[in-house]
Structure formats: C-alpha cells, structure tokens
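In this document, chain identifiers A, B, C, D and E correspond to the written order of the chains, with residue numbering beginning at 1 in each.
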Amino acid sequence: MTEVLRLDGVTKSYGAVVVADAQSWSLQAGEALGVIGPNGAGKTSMFNLVTGTVAPNAGRIWFDGQDVTGWPAARRCRAGIARSFQVPQPFGGMTVFENALVAATQGAGERGAKAEATCLDVLARTGLLPKANVLAKGLTLLERKRLELARALCARPKVLLLDEIAGGLTEAECHSLVATIRDVRATGVSIVWIEHVVHALLAVVDRLIVIDFGRKIAEGEPHAIMASREVKEIYLGIEADA
Amino acid sequence: QTPTLKIGYVSPATGPLAGFGEADDFIIEGINKALAGGIENNGKTWMIEIIKRDSQSNPNRAAEVASQLILEDEVDILTGAATPDTTNPVADQAELNGTPCITTDCPWQPYFFGRGGNPEKPFEYTYHFFWGLEDVIANFTALWDQAGVKKTVGGLFPNDADGNAWGDAKLGFPGPLAEKGFTLIDPGRYEPMNNDFSSYINAFKDGGAEIVTGVMIPPDFGTFWAQAGQQGFKPKVVTIGKALLFPSAVEGLGDRGVGLTSEIWWSPNHPFKSSITGESCKQLADGYTAATGKPWTQPIGFRHALFEVVNDVIKRAADVEDPDALVEAIRTTALPTMVGKIDWATGPVANVSKTPLVAGQWQKPADKLELVITTNVQAPEIPVGGTLQLLS
Amino acid sequence: MEWLNAILQGTLLGGLYALFAAGLSLIFGVMRLVNIAHGDLIVLAAYLGLVISAGLGIHPLLALVLVVPAMAGIGYALQRGILNRTMGDDILPPLLVTFGLSVIIQNGLLMGFSADPQKLQAGALETASLSAGGLTIGVLPLLMFVTAVAVIAGLQWMFYRTALGRAFRATSDRQDVAQLMGLNRAHVFALAMALSLAVTGIAGVFLGIRTSFDPSIGGSRLIFGFEAVIIGGLGNLWGTLAGGVILGVAQAVGGQIHPSLQLLAGHLVFLLILAIRPRGLFPKMEG
Amino acid sequence: MPDPVLSLNRLDARYGDFQALYGVTAHVNEGEVVAIIGANGAGKTTLMRSIAGLIRNAPESILWKGQPIGRLRADQVAALGIALVPEGRLLFPSLSVEENLIIGGQLGRRGPWNLGRVYELFPILKERRNQQSTSLSGGQQQMVAIGRALMSNPELILMDEISLGLAPVIIKQIYDALPGIVGQGMAAVIVEQDIAKALSVTARVYCLQEGRVSLEGRSDTVSRDEISRAYFGM
Amino acid sequence: MRVTRSSSISKAAMAVGLVVLLVLVAAPWWASRADLRLMGEIYLYVSLATLWNLLAGYAGLVSVGQQAYVGFGGYGFFALAMLAGVPVLVALPLAAVAGALVAVPVAMLIFRLRGAYFAIGTWVVAEVFRLVAAQTPALGGGSGASLPADIVKSLADSRDLREAMAYWLALGVMVLTVGTVFLILRSRRGLALTAIRDNELAARSLGIDIWRTKFFVYVVTAGLTSLVGGLIFLQKLRISPDAAFSANDWTAFVIFIVVIGGIGTLEGPIIGTLLFFALRETMAEMGTIYLIALGVVAIGVMLKAPTGLWGLIRARTGAELFPLSRRVQGIGRPEG
C-alpha cells in the first residue's frame, strides 16, 4: 500500500482558538478514513487545510509524494484532491449538470463528450439526474448536499474529502448513499469522511480518527474506537461504564 | 410653396453649461417671428427652419448631434455656441462633412488653435466670431492700471480649454503681463471642480499679490473666494473670466460679490442694434426680462447676432443650395450686428471675426447688483458707466 | 510652515469629505447599496436649504432644523417606495435605480431652479477665521470638521451600541431571517436611508454655504465620498473619517507640490492603501 | 380537548409556478410537540416557512388562535409569538454570538428565556459570546440558532432539522433539553429525519409526501409500516 | 440521454442572424448617410455593452471604470495617428494591443479588491487615467485635441467610401466582440467564469484558477474596449479628457443598456442598446425631460423586470438565441 496523503504537525489557530494542533496522520491509497469529533473540534478546518483554502501556521502537507503545503486550492484539486462542503456551495445560477461539468472540465481536466459522459454517470449515481436541468439555487438543502458529492466525484479525485453528507437522510436514502460511497471506493479512490451519522460511517470506513480541540486524540479500528471510553464521553454523550 | 432652408443650432441646454443656453428659446422664438416672412435671395423667398439640438454640455454629445444635423436633417448651415466644449466638436464635424458652420461664444484662440488650426492653411467651412485673449488681457490690464494697486497678479487657471489658453505662455496672459510690468504668480493648472485652493492662497499671500485673475467656473471661484476670506487673503482687485458672467452667480456670493470685476462682451448699454429687427441692445435685454422674468445675460446678444449673420449670409449667397456659395457669403460678411460689426476679412486669422470687448465691475449702487462698464480701451464706442472701486 | 498649513487645510478638507461620506458609509454598510445618487441628494439638500432659508429669511444653519427632517422623510419614502424592491445579493439593480434617481434629481432641479449657480448666505461665518501661531483657520471649515466628527461619533455609537444599530447589521446580513426576529426589513432599511439622508441634509447645507452650487455638481464629489468610505473600511464610521482626512491631506500636500498633482495624489494614495489593505484600513464587516 | 393554537386549513404554497404544498390541513395544540416527517423535498421546510410568514399564503389557510395569519409578513408573525429555527442555521455574520442571541429577544416578549438561561443550556456559547458567529463550528451555530429562537419567548417554536450536522452528544443534549424547553407551555413543531427520535419526543406526527399530508397520528401508536407507506406512497 | 447546446430556436436565430448580418454588410448600398452613422454608433454601443456584460454579467467583475479603456483607446489612437503618423487601419489595432497591455498592471492592482470595492477601485483607476491624459500636453492636455481632417480623409478618397469604411469598421468590431465573447462563453473558460461568478470558494476548490481566469477576461475586454474607444473617437473627431473618460457616456449608459436588456445573457446587451437608441432618437431633443425619462425607465425596469427585458422574455418563452446553455435530454420530465 502506498501513502497518498500525509499531514505532518499541521497547526492552525485563530487567535486563541486552536483548530489544528500539530496534527499528523496519513491516508493510504484506496483506504477509507472516518473522522469524528465534537462540534467545533476542527474537522472542517482540517479539510480547509488539506484542500488549501486555509494556510497552516506550521507543519507540512504531502500529497502523492509531493509537498503541497504552498499550493493554491485549485492546483490541489487538479492534482486529485476533491471535497464536498459541509455548508453547500453550489453555483446557484448554473444548472445541476453545469455544476457537475465545471468539476469534470476544470478539476478533472476532461473535455467534450467525455466530460459530459462523466457528469451524466455521476449524476445518475447520486440520484440527481432528474434535476440535471434545474438551476442549483432551486435545490433543497439535501439536494444541494448531494450536488456537493456529485461535483467532488466529477473532479475524478484520488482523494475524496466528504464533510457531513449523510445528515438528514431517511434510512433508505442513507443506505443508498453508503452503497454509492462504497462503489467509489471500489474504484480505488481514497476517502476521508467526516460524519456525525456514525452508523453510516462505520459501514464504510477502515479506520477512524477522533479529533477534539484540534488534536487527534484517538486513531484506530472503528468499532474499537467507538467503544472507547473517551469517545463515549466526549462524543456520544453516554456515561462510560466504569 | 416656399422652399425651406434648414439651420442647425447646437448649444448646451442641460448640464453644467446650461446657463449659456438659457436664452436660446427666447432668441429663436424672436428670430422665427422676425423672419416669418422668409428671407429673400436672388429674388426668391426662402423660409428658414432652425433645428435646435442640446449638447447636454458634453462634447461627445455635441459631436453626435452635429453629425446628426448634418447627415440626417441635412442642414444647410450649422451653428453652435458656448465654450470650446460645444463649438469645437460642432465645427470639427462640419469641417469634415463640408457643411458651412458659424459658431460664437468662445474666445477665438481655444477655438482656432484648440482645433489644431493653422493660420497658413485656414479651415474651409468653419467660421467663428468672438473676442480673443489679447482683448481680455488688454481690458484687464487697463482695469488694473486704473486701480493703481501693486502690479502683482495671482493667476487661477484651470486645466481646461479656457484655462490652458488663458494661462498659455505664448498665447495667454504671462507674456503680455510681463511686458506691461506686471508680475504674475502662476502656481500651475488646477483640475476643475477643485475643493481646496489653499496652496494658491499661500502662494499669493507669500508673493504679495494685490490682484487676482483667472478664468473659472462658478463653483471653483466660490470655493476660492470663501477660502481666501477664511485664510486672511485680501486682494484689492479680483478680475475673473467666465465665473462672474451671470448675475445669479454673483448674487450668490452675497456681499462678497460686490466689487468683483469681469470681462463684458455684451450689455444692454452697448450702442448696437439688430440688423434684423432694428432693436437696440436695451430693447432686447428688456424683452428677455419681460418674457422670462430673469435678468439679462451676456450670451443673449451673441445668440441674436448668430442668427443675424445667418440671415445676412442667406440674403447674399450666390446660390443658397450650394455649400461653397454659402461659405463664400460667410467669408465676405461685413455686417453691423447686436454685438458690433462682424467681418471675417479683418480677423486675426481667416476663420475668425472679432467683436468688441470691455470690462467692468459688479457694483451695488442701490439694492440691486449691476454690471458697470469701467474700461473701454478696446472699444471706445461703448460708453463707460462708472469708475472702478477697490475691494478693501 | 507651508507644509504645516497644507496638512491643516487638508485635514479640514477631510472633514468635508467625511461629512459627504458619512451617509454613504452608513447605507453602504447596512445595505451594500452603492448610492450613485448620493451626490445629487446632497445638492438637493442644498436647494432645500436655499428655499427654506430664503423663504423664511433665516440663517442656513438654522434651516437645518427643517432640512434634516425633510431629507430624512425623503429618504424613508425613497427606500420604502422604490429602493426596497430592488434589494438583494446583487449590487446592480439598486445601483441602476440610484443612477436613475441621480439623473432625475439633477434634471428635476434644472427644471425647477435653472442652471444658475446658487449659494447659501451665512454672513460673517463664511469668512471668519482664527489665527494661531502663524496659521489661519477658517471658522466654517472648523465647524464642518467638528460637525463631521460629531455626526460620525453619533452614527458609530448608534451602529454598534444600540438596538437600532443591531437591527441594521442583522438585516444587512440576512433579510429574511431578520424578519423572523420581528424586524420589518422594509422599515429597517427605510430607517437607515432616512438616517443617511438626514446626514446628507447637513452635508448639503454646509456645501451650499461653502461654495456655489448648481444642479450638476453632485456627481463630481461622489468619488471622494466613496474613496473615504473604502479607505476607512466597511462598517467603520471612524474609518470613514480617517479616510476623509487621509484623502484631504493627500490632496492638499499634492496640491502644494504642484496643483496638477492635487487630485492625482488623492487617488494614488487611495490605490496605494488598497494595494496594501484591500479591505480598507479598519474594516468591521465583510464586503 | 383544548382549542388548537395553530391550525392549517387546506394550505397551498407555491414557488412561482411550482406548487410545493397541496391542501395541507393540520393543527397544533397548546403546549404540544408535533413532528413533521417526510422524504426529501416533501415540503417540510416549505410548511415551516409558510407558518413563519416567509412565504405568503391565503389568509384563512393559517389560523393562530383563531385569527387568520396566512398573509402576514414574517415580522408580524414573529410578534405573535411564533419563532422559527431555520434549516441551515442562518446566523447573522456581522453580529457576535451574543448579539445574535440578543436580537432574537428584541421583540421584548416576556417569558422564562433570557441570555443567562440560554448560556446555561449551551455553556460553550458563553465562552464564545464575543466571537463572530461565522467562526463557530456547524454545531455551535445550531445552538445559537436555537437559542436565538428561544430568546423571543415564543408560544410556538418551529424547528427545521435541528439535529442536522450535530454530534450525537449535542443532539442528545438538545433532545434532553427539549422537555425543559417546551415544558413551560411552549408548543413546538419539529422536523426530524431520525424517525425514532422524532416519535420519542413528540405527541403527534404528520407525514408529508409530495406536498400532501399522507399520515397523521399519535406518535406512540403509529407503526413503522404505516410510516414507510406514508413516506413513499407504497 | 444526450447533452445538447442548441435548440430549434437558437438554430433558427443563428440562420436569421447570418442573413441579417449580410444585409447589414450591404448597408452602404441601401442606407442613407445618417442611417449609416447611426447604425455605426449602435454597433459600437453593442460592443461596449457586450464587453461590459462579459465582465460584470459573467465574470462577476462589476467595473464602473471601463471608460478608462474607451478613453485610453481613443487617446492611443489619436497619439498613433496624429503624433506618430501611423495609418488609421494600423493605429486602431495597435491601440487595442496597448489597451490590453496597460490592463495587465491595472488588473494586478484591482484584482485584490472585491465586490463594491472593486467597482469603486475601477472608477478611481479611470479617474487616474483621465488626470494623466489631462496632464499630457502633447495630446492637448485638459483642452483636448481635434483629429486633423486629413487623417480621416486618408481612410478613403471619396466621402461615400470613407463613410462606408467607418461603418464597416464599426460593424466588424461588433462582430468581433460579440463573436469573441460568444466563443469565450462556449469554451471551458466560459464555464469556469460563470462558476467563479456564482461561488468563488467552490470554484477554487474545483480546480479553477480564479485569478488567471479573471485576468484573461479582464485583459481581453480591456483590449477590445480600447479598440472600440479608438473607433468612437475616429467618429467624434475630437478628444478631450472629460469626453474620453466620461463615466456617464461609456459606463453609466452601458450599464443601463446591459441591465435593462438583461445582464448575464448575450441577447440582453443587444436588446438594451436598441431600446436605448430608440429612446434617444425619439426623445433626446426634449432635454431635461428625456433625461428624466431615462431615469424613470431605469427605475421602472428594475422594479418590474429586474432580470431585464430579455430575462423577462426568456422566463416566459425559455428562448435562447445564442446556443450557450447545455440541456440534458431524455431524463424524463423536462424541468427548469
């Protein structure tokens, strides 16, 4: 197994608020990594650092064997890091299809019919095809979230960063989402998934890390982590059994 | 059916220069009435139709409407008035399209040299009548000589067509002033709509200027004059072109408007009369006041004279339908008008005929401001109405 | 001494710019509204001052008692009647509407008052001056500066310390959610515009005392107002004052070097500041 | 049975040409907690926005204590004592955390909720009180949104997907707090995707399907089967 | 399932457009001198409006300082033709290149600004251009300069041919600008541009180099605007700083045209220009009333049809004359 992504002592703070505290972890090719942690722990901030929308105060980020710490976000995306936003960021004035096409042509660098085929395929897989010609600003919150996923997939990433895409789904929808993500993973894409809907997460990931106050406080096999006392206390809010 | 000749007329009816166009409707109405019976040319009667277009005080728009008048309305003669911003683009369009063109109300240097004119090779179709910088300089210096104050002059010239011409080292004030023994303090050209004249006031104070001159728009002069007061600068004579033309502008200055001096191109006291109606200057001015309830202004006489020339040219032209014949008639004009004699044969350059200029002071003998002629060195036929009083 | 004087006069000029800009800054901060008609509204206020002070035969500063509420009323009506219907994320529709207003006001005034320059007569105040250590300071510019400081202090306090100010900021962020808080956005925006035009009323009367005006001069002063707002940073009224002063001093010092540099110096300083601090010197809100 | 505080009579709602709700009839009794469930795009948010006045409706289609309020603006509805916790939080970015809360209470309605009690409910907010609201994490923002609605001391609180994006511990906290919130006579309508959770905290439930009420029942008696039929119309 | 970019309407429109273009090319044979001149002016305004629309409507760069480039093009053309004696047909494209070149440092400066700040920044830059022109004595400084009649006459010997040339130049520039903008919008770059306008954060994260995309558009627009500027002042014959850098003539009216016509559409600027000229030709002589009417139209359209006239038409009919948008066909119920 080769390593596709590595964080080395990445640190970021806003004044007194430390959102990443010397974070170090790595991701293997084809691996699915889950991230949990209380609200405000710094999970989304970590994505911002990895994708380059925020620059770290210290530490290095390696992607595919290269130091990408100084790269702008766009370059990282073209190199193969795509994300979905927790708070959806659609291109409101464009249709759903065009939203996807942006990712396929810019992020993945595909052209013409190939790009279009990619988009149609991804929209079909994410259930957005019926809305393909609708302006993105007319979507409901959950549809916007699906669009986030679809766009990230159209960028044909090596590493896919997902930020809370299962919230608000019905059980059936959640199942199909899990199936979709498994498919993606089966194509060799590495995934980092932040999710509060723990059962969905556990159905996919190989490994779990827990973040609190910007620090990685636990890492390991998902079920073992979930059973740990610390996670129960700070995350699930269950009295840890003595 | 009498045939009709079309006269295009471009002037600023709206925008910052609208004051110059204020009397247009009154004058055109009067002309239309006076010429209702048509103009006789070679035994044939021609009606004239004056087509008025608004330049909106904007040279782009002036060029546009001039070209419309030429191309669309197919006017036989194009006329225009008021500041280089109107006269120059109008004349340029006429020159290129070969349309006879008469303009006025802009000193001739910014008109002629501002258009890249060359005395050796004059324009073919475009003619202008007004006074020039040499006249304004002669009048102003005569005025200041009368005053008997220290011969140090502060100059306020903006970076616009008028200001650059007045302040020009060759054509403008600096040369003649030096010759006549005046010291000119000229800090440089300011941008119109200036908000702060402190640096000028400083320079004038330091240099001990007792006279201030320049060619300014009213808001700029207002700012300067207020700041001069606030910063303790008290010149004895202030002679400013353009800004003090209109009674309303001077009235606005309140008591500080009294005693300011300015060039006078036309007044009800000028001893001229209309070649069309025979009216005197006073009658024309009174007519305006009666019709509009407003005090007379200097452009009135020149607007009237513009159409006097048109009338005369049409009468004399060998063939009114031939532009070249019309131009020939313009060139050979020798007509006494409301603003004095207009004759292109005697002009400083072939395209320019000069009209007399005097200067005077805004005085308040009773409770009303009056523009009193105090100098007539250039035009002794125009009577002087009073003597110059110092400001402080 | 010359330079000291230039700086002093520039600072006072800055007060004028700040007074012009304060109302602009307020509605720019509250509604992200780029009010192209602001300059023309100032001129409108000057004409109002003219009509009132000439009509009642009172000092123009006394006329403020009527001009300010009248302008506030106009502002309220304008916002509720017209501008509110174009408020949204897009800055263009309100920009175009205010452009339309600007043209209408200018030409309406031209029809009503002709192009003749007018001035407000403030008597001895206009030329009164104080001398100190070889420097002469006009009382009027000083009064304008002090007024600008007072107006800005008042607006700043209102914006950040009162419920009304909170309502302004909340509504500027999210109109529909502000409605959920019981704020009627149409009313809130109209109040902001009323306040802005009340300040404009003061600016207009001072403008009319300071120099002569005609219907067309509003636009040429607008750019300095915007520059002052932006140098200072969005949502910070003190910043607007600082912006005005920086602009005024830059112009005065530039003019002292050579008159042709006066305006250019102001603009260049503006661009320089933005090159270094793209959100202005002291921004308090997101642009 | 007491008169309902809120009743919906054949409520239609549209976005331009698109009709999102068709003849929805429902009611909420005083102090009662009601759940609205339904698939994506069923119209839950539209329903909430209609009640809150963000979408204009026929006047008589929404009655508040017998008065028609369908046509009122949102600020007028808010003044009556109806508060909405909007889907997606929607805080005011230029207000600090505390100001966001204060502005919720700016109507000045009397009641048990004030800054102190909100801070008691969500202690982290007290720590962050002077921070810009945009700099909070998603979950913290949701707390502010709830606190802001509570600050108006509403008689009816509408909560649209409040647990979306919250860590389990916070969801637990909020649902634990819910009885306390509604205990003092406040009625509530909650939209929740976690059906089990929705049923456990509410008295009655409405299920929407493509803009129509497809099921109405008591939370403790409806069966899973009925619900899945109501969800998908099978 | 397939993706199409043209509809039957757009195909028909393109065919009709081609015929109209041919008729317009032949105008010197059927139109009067005045009409030629008016049409030439309309083409130049269509060009300016289309270019501004590309900036503001598609790239989200709301500039209120495009007069900087109109004026720069005008002055550049005057300088080349008058001072350097460059032939008119060479001077015009050179002025365009010069405009694109000065846009490079300007872009580096003003691209640091956002939204309304950007707008005011562009305005100030245009003012700086104006002041610099006013301080350039070789070109008449604040007084301005007239183009010697000889230079215009050098375009062609006979007056008719000269006027036809001026007309074709304007028509050519319009076809060039509209065509360029159309091609940009159809390209990958056009898609990126719209994405940036809608959401910069997302655009960045999807691999779009925002700065470069905007920079490209800004520089191309500046070059073409300068070209139009050169042509405008070839027609006006006279240039002065206030006229060349007039915010009203070259930006405010252009914004009026685009927004009234329908921003963010290619059809909007064309419709807006036609409306603007219809108003002007019928009312301009009414002076103040005309200008007041213009203001009323601006306000009226913004209140009644904030998406502009074309927006209104498109909402009613779904028509699109230029094949730009992409529709996925065969996905069941047609929506949107």
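Simple rule for what comes next: a residue touches a chain if its C-beta (ideal position, glycine included) is under 8 Å from a C-beta of that chain, and two chains touch if they have at least 3 such contacts.
Everything quoted here is computed from the prediction, not taken from an experiment.
Chemist: Indicate the lowest number of steps between subunit D and subunit E, counting one step per move to a touching chain.
Modeler: Minimum step count, subunit D to subunit E: 2.
Chemist: Considering only chains that satisfy the touch condition with subunit B, which of them also satisfy it with subunit E?
Modeler: C
Chemist: As a test of understanding: of all chains, whose mean C-alpha position lies farthest from that of subunit E?
Modeler: Max centre-to-centre separation from subunit E belongs to D.
Chemist: Out of A-D and C-E, which chain pair has the most contact pairs?
Modeler: Answer to which pair has more contacts is C-E.
Chemist: Comparing centres built from CA atoms, which chain ends up most distant from subunit A?
Modeler: B
Chemist: For subunit A and subunit E, what's the span in angstrom between their mean Cα positions?
Modeler: Comparing mean C-alpha positions, subunit E is 42 Å from subunit A.
Chemist: What whole-number Å value describes the gap between the mean CA coordinates of subunit B and subunit C?
Modeler: 36
Chemist: At what distance in angstrom does the C-alpha mean of subunit B lie from that of subunit A?
Modeler: 75
Chemist: Give me the residues of subunit A that touch two or more other chains.
Modeler: Residues of subunit A touching two or more partner chains: there are none.
Chemist: Can you pull out the residues of subunit C that are in contact with at least two other chains?
Modeler: Residues 107, 110, 260, 263 of subunit C touch two or more partner chains.
Chemist: Enumerate the residues of subunit E that touch no fewer than two other chains.
Modeler: Each of 131, 134-135, 288, 291 in subunit E touches at least two other chains.
Chemist: What chain-chain pairs meet the touch criterion?
Modeler: A-D, A-E, B-C, B-E, C-D, C-E
Chemist: For the complex, give me every residue of subunit D touching subunit A.
Modeler: 15, 39-41, 45, 87-88, 124, 131, 135-140, 142, 161, 163-173, 193, 195, 231-232
Chemist: In their shared complex, at which residues does subunit E touch subunit A?
Modeler: On the subunit E side, the touching residues are 1, 3, 188, 191-192, 194-195, 197-199, 201-210, 264, 325-328, 331-336.
Chemist: Show which residues of subunit C lie in contact with subunit E when the two form their complex.
Modeler: So the residues of subunit C touching subunit E come out as 28, 32, 34, 36, 82, 85-86, 91-97, 99-104, 106-108, 110-111, 219, 223, 226-227, 230, 260, 263-264, 267-268, 270-271, 274-275, 278-280, 287.
Chemist: Which part of subunit D faces subunit C closely enough to touch in the complex?
Modeler: Residues 52-54, 73-76, 78-79, 83-84, 86, 90, 92-95, 99, 102-104, 106-107, 148, 152 of subunit D touch subunit C in their complex.
Chemist: Considering the complex alone, what residue numbers of subunit C touch subunit D?
Modeler: 163, 166-167, 169-170, 172-174, 176-185, 235, 284-286
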